[in-house]
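What follows is chain A paired twice: with chain B in the first complex and chain C in the second.
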Partner chain A sequence: MNLLLQGLALGVLTGGLYALLASGLSLYFGVMRVVMVAHPAFLFLAAYLTYTVHTTLGLDPFLALPLTVPLFFALGVAVQRLLIARLAPENMAMMSVLLTFGIALTIEGLLGTFYTGSYKSVSMEYATRSLTIGGVHLPYDKIIAFWVAAITLLVLFAVLIKSRFGQSLRATIQHREAARLVGIQTERVAGYGFGVGLATAAVGGTVLALITPFFPASHWVWIGKLMAIIVVGGLGSVVGAALAAVLLGVVEGLVLVTVDATWATIMFYVFLFLTLLARPQGFFGGRLAHRF
Partner chain B sequence: MARVSKGLAIISICALGLTACAKTDEPGAAQSPGQQQGPVKIGISLPLTGDFSEPGKGIQEGYQVWADMVNAKGGLLGRKVELIFRDDASDPNRVSSDYESLITQDKVNLVFGPFSSRLVIPAAKVAESYNMLFVEPAGAAKEVFEQGFKRLFYAAPAIASDHYNYLAEYITKLPADQKPKTAAYASLDDPFAQGTAYGLRDKLAAAGIKTVVDEVYPPETTDFSPIAAKIAAAKPDIVVGGTQFEDSVGLVRALQELKVQPKLAAFSTGPTLPEFPAAVKGAAEHILSPVGWSATATFTGNQEMVKRYKEMFKGEANEDIANGFTVGQIVEAAVNAVKCVDPTKECQDKLADHIRQGTFDTVVGPLSFDDAGRPEQAHMIQQYVNGKIEIVLPENAKTADIVYPKKEW
Partner chain C sequence: MRIASRGLPPLVAGLAIAYPFLVPNYYLVYAGALTVMYAAMATSWNLLGGFTGYVSLGHSAFFGLGAYGTGLLVTRMDVPWVVALLVSALLVTVFAVGVGIAAVRVRGASFVIVSIALVSMMNLIVQGWRSLTGGSTGLQVPSPFPDLHRGETHMVFFYLFLALLALALASWWYVSRSRFGAGLRAIREDEDKAESLGVPTGAYKVTAFALSALFVALAGGLYALWFGSLDPIFVFSILIASSMVLMSLLGGVRHLFGPLLGALIVAPAGEYFLIALGETQIHLTATGLVLVLVVLFMPDGILARFSRRRAGPSIPDETAEQRLQGVAP
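And now, the complex of A and B:
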């Protein structure tokens, strides 16, 4: 019983982290039907930058954020305007996989050149301690990751719902032509949307750096998991992705403590197939998904 | 039917080609060693890019240090050694064609092996088909030795399942009141990593130490807390990880977070890498790990190798470099003993036979091999003692006493 509670608690915390890591992916797909295979590569690029800031300046990893977040936003706008906007709209989903796969390989190669292939890690004092409540241990690094994810997602939702930019972005997601007709500069909005997506990668990368050691090819294991999350959540729905992330995190945690790690990893793909069979638009997605 | 005859035609053409090659090589074989011209060419394909690029480069440097030291002594049978490297980009298809062309186009005298079991098997198949001796620095998985290779030798102290032998012996000989009663195992789903943990598990289980957790996780695993939660619930006396790097760090951190305090903790590979202590902060203290080579050991050629490496590459030697160097030492000893170094079946067979029956002094200690090319020794056991890596087992190689039970992490 205690073990189940422990599994549940760890699952919720890990699910929060997954939500943060997957939110950008959902945004890219929603805004411009881009399947962004390079998102995890950008996460680890952010992790490496955090590592550099932490080791050379001796700062807390989170103090790297004021530097990496704007940088990644600008990078995202540049990638969208200079590369992705030039792809033909008819086969955007397919071509974007190829393009972003190339970007992922480029990032991996550059990280290998500058940081070598050896492992890097950012380990803080609090990274190995935990809070114990009624026999259940809650690791501090996971709690921190959860709250960073929660705050980042809240800010993201607030931007999407309250701000004028958020309204234009949602209009672009819902119906691009109509948005253009009412005077929204959809090209520019799409660029900013991509920038916001990459900005979440900057935050996600910092959190990842705290909880796991990494090397240039670390990003590959994350692509499958994160893609499964956004499909289960409903492509393009940021809220859906967040809910699916917590759901899959909990399922993973519970299966891990009751069965084994191999089945826990398979659960992501089991849910992916079930979603495609039973509800292809995703469990939390709106009508949006029907259109492609 | 048409396909069969086409296949036969291809095979016969290939066979003709081979006999032609063999013919042209024979005059060379007939000459006595001293009269031969030109260097001894050694062909090697290595993963210099891709997944295994770090260890691949280490092995390459080990080969280079060996060649440099041999040439400084006047070469092999009086001829200079020349290494020909190819980059296989960690790709099992590229590694086959690399050895194919090294043997047929470059007409190398000898071949040395690549890095990792995954590349060693296809490479050894090619070498075997040309009757070439194949000593390799990294291919410890048991599958390597189950392919029926007759000229393959693994130039390291032990195959995966024997890595923990000295530790198993130590634990089983502890007095009854100190002896652990329960053990938890967590292993990566990988033939090498699993092999190390299961080797120890089987020996301890046979000695009556109960296995309370036996977990296998896939390489995609990124979160180790739930595995640690299972271990925590079983409260084992000792924890063993069949790990590589990321997972060893992940497990140590997760075990700390879940307040598991075993009397003994052993992890494969991870703790032997220089990045480990920083990645786990203070928790490295008293963690045990099998290790195939030590920079401080005084085995034949070791100190010379460490020194020469520093001069050539301005860094500290590591286990990959030592493994590459060991391949060179064994082949060098065999060539000097049988006095031939030709790519003919005759000479390569003589070399292989010599290696099979002998014991060789190398930088990782004396090595001997069984019929399938498995080394017959065990790995040393290292432990972090006062923040430094010390060899604690076996008795005759130790630099410090083993600390048991370990302090809390």
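And now, the complex of A and C:
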């Protein structure tokens, strides 16, 4: 029983992080109908940058954020405006996957060349202990990861719902042509949407660096996991992705403590296939996701 | 021009058959066999990708399963290698029908996601199932030709892969002229319209998926017998599948010889990088950048540049005005 509670608690904490990592993917899909396979590669790029800032300057990993977040925002705008906007619209879905796949390979190769293929990790003294509540051990690094993810997501939702930029972004997601008719510059908004998505990758990468060791090819595992999350949640739905992330995080946590790590990861793919068989548009995606 | 393009295929075929005797050393025979293997896999990938437009990044799953199936049948059950190769390819094809039924329910980006998930899942299962597959330490497969030395083995497998390539090319050619091929092309142009015109899109897609898996599985099985040691992380890597995609796109997915041309460029370039730069990760960056450039600037491939037909949909979109001009006296 205690074991299950442990799995459940860890699952919720990890699920919160998954929600942050998957939110960027939902944004890209929303604004451009693009499945950004390179998102996890950018996560690990951010993790490695955090590692460099931490080891060379001796700073706390979170102090890398003022550097990486604006950098990644600019990178996101550049990727959208210079690469993705150039693709022919009739074959967008397939070609954008291949394009971002190429970007992912490029990043992995560069990371492997500069940082070598061995494991790196950022460990902080405060992150190694754990909190014990009623027999359930909660590592501090997971708690920190959860709260950073939760705060970032709250800020993201606030921006999407309250700000004028958020409104035009949501309008662009819902109906591009209509958005242009009411005077929204949809190209520019789509570019910023990509920037925001990649900025979440900067935050997520720093958190990942803190909780897990990483090497250049780590991003492949995350592609599968994050893709499963956004498909189960419904492509393009940020809220759906967040709920699916917590659900799959809990399932993973429970399988992890009862069976083993291999099956815990396989559960993501099981849910992916079940969703496609039962409800290909996902559980929260509406009309938007149906044809993808 | 026309005579030149007619005479080219027999000439290339003749050169390919003579290739092991023309090159000065066995390393080049090895590199040639590897190139032909990739050409065969890219051509069979194109049975699905070229006709239907469904881009699969998961074909390394069939490569890996074909390799492990053959290897396990040979080592665990002492089956003769030819039988093991054929049985494992058949099993993979049956598996591909099952996967295909689920996978082709979704289109576009979701299909790509499913194909990536397939590879990752197979990789996890093969690594996790330690008692059967040897896990991440890999599987050792005895050579089918113990009497030949290494160089001669390269030569034998060069011809085996060449035969497989010929088979894949013949299948593509046959399908491209059949009613089945026309149906697959209709799916690429507009799946909903094709379906409303009575094309059994589901059955056609699954058939194309399984057919293309069959040849990739055969290539995987031959690879297992050739290399003699299987590393699950390599044989189930998305990198193998992405090479197939890159080769096909670079050469031209709508042409019979497109993937072959792409393989002739990409595979030797990869080997050259390996020699020139050593075992660094920078070759990944090179592959990635080439893929980005091809997708951005040459999505129809090299052959489309040379063929006179204009790229784009094979059924051109005409405006009402153009159509009126066509029928006007």
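Basically, the second predicted complex is superposed on the first by the 290 of 292 C-alpha atoms of A that agree within 3 Å, B and C clash if a C-alpha of one lies under 4 Å from a C-alpha of the other, contacts with A are read in each partner's own complex, and residues count from 1 in each chain.
Convention: a residue touches a chain if its C-beta (ideal position, glycine included) is under 8 Å from a C-beta of that chain, and two chains touch if they have at least 3 such contacts.
All values derive from a computational prediction rather than experimental measurement.
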Query = Clash or fit: chain B and chain C on chain A?
reply = clash
Inquiry  = Just checking: does A:228 make contact with chain B only, chain C only, both, or neither of them? Give me first, second, both or neither.
reply    = second
Partner chain(s) touched by A:2 [first = chain B, second = chain C, both, neither] = first
Ask   = Of the partners chain B and chain C, which touch A:110 in the superposed model: first, second, both, neither?
value = second
Request  = Examine A:102 and indicate which partner it touches, taking first as chain B and second as chain C; both and neither are also allowed.
outcome  = second
Request  = Examine A:91 and indicate which partner it touches, taking first as chain B and second as chain C; both and neither are also allowed.
outcome  = second
Which superposed partner A:213 touches (first chain B, second chain C, both, neither) = first
Message = Taking the superposition on A as described, I'd like to know which of chain B and chain C A:238 touches: first, second, both or neither.
response = neither
Ask   = Between chain B (first) and chain C (second), which, if any, makes contact with A:130: first, second, both or neither?
value = first
Ask   = Where does A:10 make contact in the superposed view: on chain B (first), on chain C (second), on both, or on neither?
value = first
Key: Set intersection of chain A contacts, chain C complex versus chain B complex   = 112, 117, 221, 224, 260, 262, 265
Ask   = In their complex, what parts of chain A are in touch with chain B?
value = 2-3, 6-7, 10-11, 14, 112, 116-121, 123, 125, 127-130, 132, 137, 139-142, 212-215, 217-218, 221-222, 224-225, 252-253, 256-257, 260-262, 264-265
Ask   = What residues of chain C sit close enough to touch chain A in their complex?
value = 53, 55, 57, 102-103, 105-110, 112-114, 116-118, 120-121, 124-125, 127-128, 238-239, 242, 245, 249, 280-292, 295-296, 299, 313
Note = Listed in rising order, chain A residues that touch chain C in their complex are 29, 33-35, 37, 83, 86-88, 90-91, 93-99, 101-113, 117, 216, 220-221, 223-224, 227-228, 231, 235, 260, 262-263, 265-266, 268-269, 272-273, 276-277, 280, 291-292
Ask   = Which of the residues in chain B end up touching chain A in this complex?
value = 51, 53-54, 189, 215-223, 225-227, 229-230, 232-233, 245-246, 249-250, 253-254, 256-259, 273, 275, 278-281, 283, 409
